Amino acid sequence: MTVEQKLADLGFTLPAPPQPLGSYTAVSEAGNLLFISGQVPLVNGKLVYTGRVGEQRTTEDGKHAAQLTALNVLAQIKRHLGGFERLHHIVRVEGHVSCIDGFYDQPAVLDAASELFAKALGEKAGHARSAFSHSQLPANATVILVVIAQIEPAR
Amino acid sequence: MTVEQKLADLGFTLPAPPQPLGSYTAVSEAGNLLFISGQVPLVNGKLVYTGRVGEQRTTEDGKHAAQLTALNVLAQIKRHLGGFERLHHIVRVEGHVSCIDGFYDQPAVLDAASELFAKALGEKAGHARSAFSHSQLPANATVILVVIAQIEPAR
Amino acid sequence: MTVEQKLADLGFTLPAPPQPLGSYTAVSEAGNLLFISGQVPLVNGKLVYTGRVGEQRTTEDGKHAAQLTALNVLAQIKRHLGGFERLHHIVRVEGHVSCIDGFYDQPAVLDAASELFAKALGEKAGHARSAFSHSQLPANATVILVVIAQIEPAR
């Protein structure tokens, strides 16, 4: 089953990968590593989740934001590599959650992204993770994911 | 002298490496690099330092939190590599300190971790570093360290 | 035209690379990657921009701070590699902006750094980027840039 089919089974479709929000490239390659620019829950050029978990947003909103952001990560990888064959594995996920002071369950929000990677990518999903809390994020996004992946050499 | 002996001379013992706090792996390998998940000052599954430096915590508390966190980084490396022989060097330490507004001495707090690495690992400790200030961190931890290390190929 | 000449055309000169602010090295090498410690807008050992964009600092100040910080990144690369010949490309720029709540245009501030890299380095400048907002940064700096670069093997 392809990554796209697995996502469809979960009710997700891969979006068009978002354009960078400034003077940089969406994805940068260095040897066997792929560095993906910070992704936000953009769908069709529009930020679907803004604001803080615990205030304008619930934990469930945060989880959905994390899933939409993870889909953008996958879309960037797919565009850059022309598919998922050359993806070796997701190496690291850095997850940033906009939330109120006193909300400490960033891991629950980010698990929604990690679990989406696991279901879509299987063994290629295994990653180290770091979680951070912010009183706000650029563009007032609810979630940012910064991902590093390992890739196979081009043939 | 082994890393463990050097730590013992400083009054430290390597803890059992903490379990991930969510759906990810503690350590992820990519070629010659090791990406260690964000570590916090957990001892025996319990967070020893929570709260902000300058409020519930002193700078000295922050330094001790940084040391305990550094021990968890070393414990993760040891479990993943089966020892420190294959560790080439600590490449980068990203240090996050929970503190009040107006506390600017994150470098002093993080030096406690960098110096522990230096004493335990000698020449393998040399690393670039970045320091950040947060009004809170996940699980209300006082310190998070995110570490990248270079490793030697397995024999 | 050399990097230094291109910078001179823009009215910039490469500074002496700042000393680390703690017990770490300014730059750490791992295989084909160069990890540069977090840089701030230091000139001659003095922090030129402190405080928050939207409060003590304007967006224009933030952009200038980002440019001065980018110059320090280039100065660290030059000192470490002995020039820019062995620089393959800037792989990733992580940009942190100290600002008030409600200021969401971190990308505009960081574009000043990305565009300086583009003008000085040409094709070697292409990078992925992530942007973050902070209520304060260590030493009260207005901007921090954390950069990873790819390098060519030494001859």
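Letters A, B and C mark the chains in the order given here, with residues in each chain numbered from 1 onward.
Methods note: a contact is a pair of C-beta atoms (placed from the backbone, for glycine too) under 8 Å apart; a residue touches a chain by one contact, two chains touch by 3 or more.
What you see is a predicted model; the values in this text were computed from it and never measured.
Overlaying the C-alpha trace of chain A on that of chain B calls for a turn of 120°, given as a multiple of 5. At the chain A-chain C interface, residue numbers used by both copies make up under half of all numbers present, so the two copies contact each other through mostly different positions. For this pair, chain A with chain C, the centres built from the Cα atoms lie 25 Å apart.
Looking at chain C, residues 31, 33, 134-135 sit in touch with two or more other chains. Looking at the complex, you find that chain C touches chain B at residues 20-28, 30-31, 33, 35-38, 96, 134-140, 144, 146. Within the complex formed with chain C, the chain B residues making contact are 31-33, 88-89, 91-94, 101-102, 104-108, 110-111, 114-115, 118, 126-135, 148, 150.
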